[in-house]
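What follows is a group of structures, each given as structure tokens.
Heads up, the next two complexes both have chain A, just with different partners, chain B and then chain C.
Entry: the complex of A and B
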């Protein structure tokens, strides 16, 4: 039957509506910001949390995962802040500049804001919104980023914590910036964070991001990063998702690239009950280069969803996507990738690949790689594979005296290796490989 | 693409003024009043002298249809259809009896002649394989809503194969039809299939008994002639254990200004070790250069590999219709069963194609293969939409999918929307898709050897679709090749 989906409000929808009515007016922002929050919330209110009837959420029924909306996270107390000191250790070896967020609130005291590199400014989002910073305000509801997505609209309505990072034209920031998200509250909470990163022409930055839990197992994070790259600017973004076992994590990365800009994005997801990484990338200038990668290491009933829309709006851009998932138990990986080539985007070169390795009989993977092409002089392709570990390869290794579990681990590492090898910073590569190794060792077969 | 600038110009010119089958046959026909109501459903059923249960089945579908909404997820765009402004039944006026083809209205025969169906020639050939070894083809011609003449019936009957209009089968083999009708595409399936269930007027019925290899290719021609008639045919093919049948379907419609609706349902049932090969060449009127007129082709085709080792293969060459909404699918229920889908979809002018397949793996060690070639030219939109899914118990499922799109011209679009769902570890799915324009290098290579740019494009396009053309039965491959060149005439020479 093709009945239209009637939005029946769930307990979670009602809770969000109540929360917005109660605290909406107190959330940071000038009048303009408040109006944008209200408009975004209105869109959420009209349709509620997305269900599988919404095509973009076909394989991830957010309404099912988020049965009840937790109250908005309270400002962190001393205990929570104390816990956050252990967060983000994975990248400690490369000594990044740490910006610490405890339960979504930016904690300047725990962050490293000293000796800022020349041309780098870091402001808390709350301050920027309250001051009505024009640059920040105009990007809040950028349609290139929002794509009409409801989770993002919800983020716009409730965003409170976050930072605004700006790099002046021509400046290369050598020291990576690390956004350390530590969820430390004892009680389950909802956390909405939003950051904005803008790089002037020719600027360069490496941005690391990690999400970990030191408090309740159950919480809901809705995080968003808006990226704006000037001409020939370069951004490396690496995200580490090590959320608690019962966490629901929805993140949106929206990027707009000017001519010749480069974006390299990588996400490693190993934690969380349900993780959805959305990427909306628009190549607005000629010759922009996009490289998106990701790896999922899932077990038990984990569910990870990567949904990306790559909009080639200008000629001569190049994009590469490579996503790999290793699935054990009843884990499920979803990949939805859409490459859009607009009429004027001639000479586009786009390639997308998603692969899944199913380690258990009950694991599941769903793929929807989409091409939408309006220009004729282009090269676009996508591929998808899924299957179990190759028994022959395993046999080959075992015939050489390697025990079965080690052989498996070796093959899995090799499978994921291709994704990690593409990361330019050696320090980050080593850190990620260590995480993969640790996860494999913990697998204990 | 500079090398084929002429091509682009030609594509712009290519409009369906060239539509070869745009003639109308003036014959008296008998129509039901315009519009759709329970009375019309009863009228159709009564005209067909159907058993009571069939009328009930239709009415149930009709009542359900009233509460359904037209699907809007496909990438096609058309003005709303007024379902009350269509004729749901149109039959050529009956002459008392038809003992031979001579008695068929000569106008109708002329139409077929223009279509190039060698009906009489076929009868001459009956029982005799020509000196050139040409195989025989049995033709069941559907003219608007009624099958006119069925050739080869006798010879088929000798083999035990039942091949007749479904309306006749409902009278002669009601139990057999009742057992399988709606078992693959239930009357509740989707908006258009439900509409079809309520008002289908005719179609073909094929039953190949156990262990029989159908002695000839079965073929049917659909042609929509009357103005403002929806054609709702229903085809049901059953291959019993170990049987084999190859079925060919060809479609044309005369030129009309108003869009005509075509909502067919095709059901295939393959039992243990049976094999069904279903080939379609669809060449309905695509509308003129401004997108005016043309057929809306909203078709539900599905095959059910119900038994172990069953095999169903769909091959389609889609060059016509203003709008195509069609997903021939396979339900791989039996262990070791296999499904295949080979498709060439060519769109030019203002055509919109949203087509693909579904391969649903339910049994163990089931395999499927999808080869889809889309060519868009002019200002057309060509979408491949497909699903490959493996159920948790479908261990050892294998799929290979390859969908390639070729763009000719700057104003067309090519889209790929595959869904790949694997629910167990022993599944091995591979999917690849590419979109590109014709490689300059290839053209250069051909032209360097003395071919004109148009010949070169023709050669490359032919090579591009050859994987699929090879799957067509001989008789059809020739026709399909011709169609491809007509469709791209001007753009490929």
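Entry: the complex of A and C
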């Protein structure tokens, strides 16, 4: 008799089950939404948090990292809201439209919802779910995005805060939108946020996102964004992960691109004990262009995992991935990149690269590229490098009077420069460089 | 008068292999000394050991710059103390623009010497002035350090650095290698402009050719890790005519 292996439930699994039983019915959403929540939670309940035995989580055993499930975040009080005023300063010079989330709750009063650009609508996710907005509901459990991923299923079950951003066809939104996530609660909490961004044909938007802490450090964030790009639409998405040193952060971006659409995604991770950025991108129309980049600046025992699934489902699409990690102490960076080229996706041009700079003998990087190609006329490649700082270059800089730590910082910034230089907005580039500089300066002390 | 640079019985090895077998050399202020010798004689090692490259182990001797033993200093401290090595093969540093590099070097040295740092516009002004003298295209300053530079451009860039940093002792390691005759003249002119009563130079080369343009006060023959003969500038011509065979055997 075959017995299905069923993992033993952990304390964290049990806590999520208890929480869903208690509050599941009160989470926002129409009957249809509630049904989707229940179905998603059922998938979680069947297998629990993913362990290293689940191939997609091989190098990031979420069960090990998340031994304890924090209680769901309470609505923020005056103190928490006050603290959130300091959040998202890194992008202040760009003067983006700030949408503020305190412990996952969208706080309209602290957000800038005045004088919305022509063709731009912003709705609270809770309101959209409660109203049963058909477009919103449709995207919740998009199978393109989830691929059966349990962290994403957990997000679907518990999502509460978030926004729905829509840009009408042909509208170029000049002012970037900044999703400011401020984790301010005194007690460690679990925060589930979900946003949706849809751009009509030819529309353009820059979406910034930052995650910071001003309260307890041992919180857990599970964040997801669904992106839907119409024909020739363009989205720039820049995510700044500056979570507290003890935080666990799992983020899912699911994007579907129509013909000629462009997605440029960048993530800079320097905070958090464990950060997983997973991206599921589908090129659903001819000639879509995808550019995914990221940089990890890690030290101590930090662990950052970037997992990509890029589905070339249409002909003539182009994708580029470039991820770089700078790892000190016993930090670890994981890169898993899967490129799928469907049978009809001829003339696909896909290139993926991950690089790591190891600053200590005990740092680690794991790379797992995967190519699944079913078309015969494609260009598809991947590469990975891993190495220490170049001692000859360091000596050259020192021979000109530059002290060792400054020489190292220059070389590290140079290593990361290639990723940041590719960002189209100068203001964003400057902001990110400043963060890298600050992180480097902090390293020396 | 005490020599500006004194090398006393300097011995050094790399990976357990002894390269420098007791080098003795005194260089007075304002003097230019040429060091000539065959391949593998240890000339470049001497330049690296003076500059503080960590691959080499100094096993004996002293190097005094104005009386202070620089062997106790890290490479950056030696640079701030006034030592400059013009590399035979300048390193390419992708991702660091030449201007950023020059600014960092100039201000790091000033800071170490307790001098006020220079503003970016002031540095830019100085860099442009020196670059123009060396026929360096200002566009080059925006490019990453030495990346994609021709052999001539690299040596010009080294000379530019030297002009800006105003060292007290310049060590030129095979500055003529990789240069055509026009580039050699430009670089030599740049070096000659830096000659002054307060600045000393060590010019390392295989060939007499460079010494037609940078005329030395003293010429040393280097073989098997130490100096085997010292003479005036006419010694270079003699070497050019007779080669190094005599010294290689003599030292052996």
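Throughout what follows, the second predicted complex is superposed on the first by the 438 of 445 C-alpha atoms of A that agree within 3 Å, B and C clash if a C-alpha of one lies under 4 Å from a C-alpha of the other, contacts with A are read in each partner's own complex, and residues count from 1 in each chain.
What we mean here is this: a contact is a pair of C-beta atoms (placed from the backbone, for glycine too) under 8 Å apart; a residue touches a chain by one contact, two chains touch by 3 or more.
This one's a predicted model, so the numbers in the text were calculated from it and none came from an experiment.
Asks: Which partner does A:55 reach: the first (chain B), the second (chain C), both, or neither?
Replies: It touches chain B, and chain C stays clear.
Asks: A:404 contacts which: chain B (first), chain C (second), both, neither?
Replies: second
Asks: Output check: A:417 vs chain B and chain C. Expected answer is one of first, second, both, neither. What do you get?
Replies: The second partner, chain C, only.
Asks: Determine, under the contact definition given at the top, whether A:20 touches first (chain B), second (chain C), both, or neither.
Replies: After superposing on A, A:20 lies clear of both chain B and chain C.
Asks: With the two complexes superposed on chain A, say which partner A:378 touches: chain B (first), chain C (second), both, or neither.
Replies: first
Asks: Taking the superposition on A as described, I'd like to know which of chain B and chain C A:358 touches: first, second, both or neither.
Replies: After superposing on A, A:358 lies in contact with chain B but is clear of chain C.
Asks: Regarding the shared-chain residue A:391, is it in contact with chain B (first), chain C (second), both, or neither?
Replies: Only chain C; A:391 stays clear of chain B.
Asks: Residues of chain A touched by chain B versus by chain C: which partner has the larger set?
Replies: B
Asks: Spell out the residues on chain B that touch chain A in their complex, using ranges where they run on.
Replies: Per the stated touch rule, the residues are 1, 67-71, 73, 188, 190-191, 392, 395, 405, 407-437.
Asks: In the complex formed with chain A, which residues of chain C make contact?
Replies: Of all residues in chain C, those touching chain A are 51-54, 74-76, 78-80, 84-85, 87, 90-91, 93-96, 100-101, 104-106, 108-109, 112, 144, 161, 165.
Asks: List the residues on chain A that touch chain B in their complex, please.
Replies: Listed in rising order, the residues of chain A that touch chain B are 1-4, 55, 343, 356, 358-388.
Asks: In the complex of these two chains, what residues of chain A are touching chain C?
Replies: Residues of chain A touching chain C: 391-393, 395-404, 406-407, 410-411, 413-415, 417-418.
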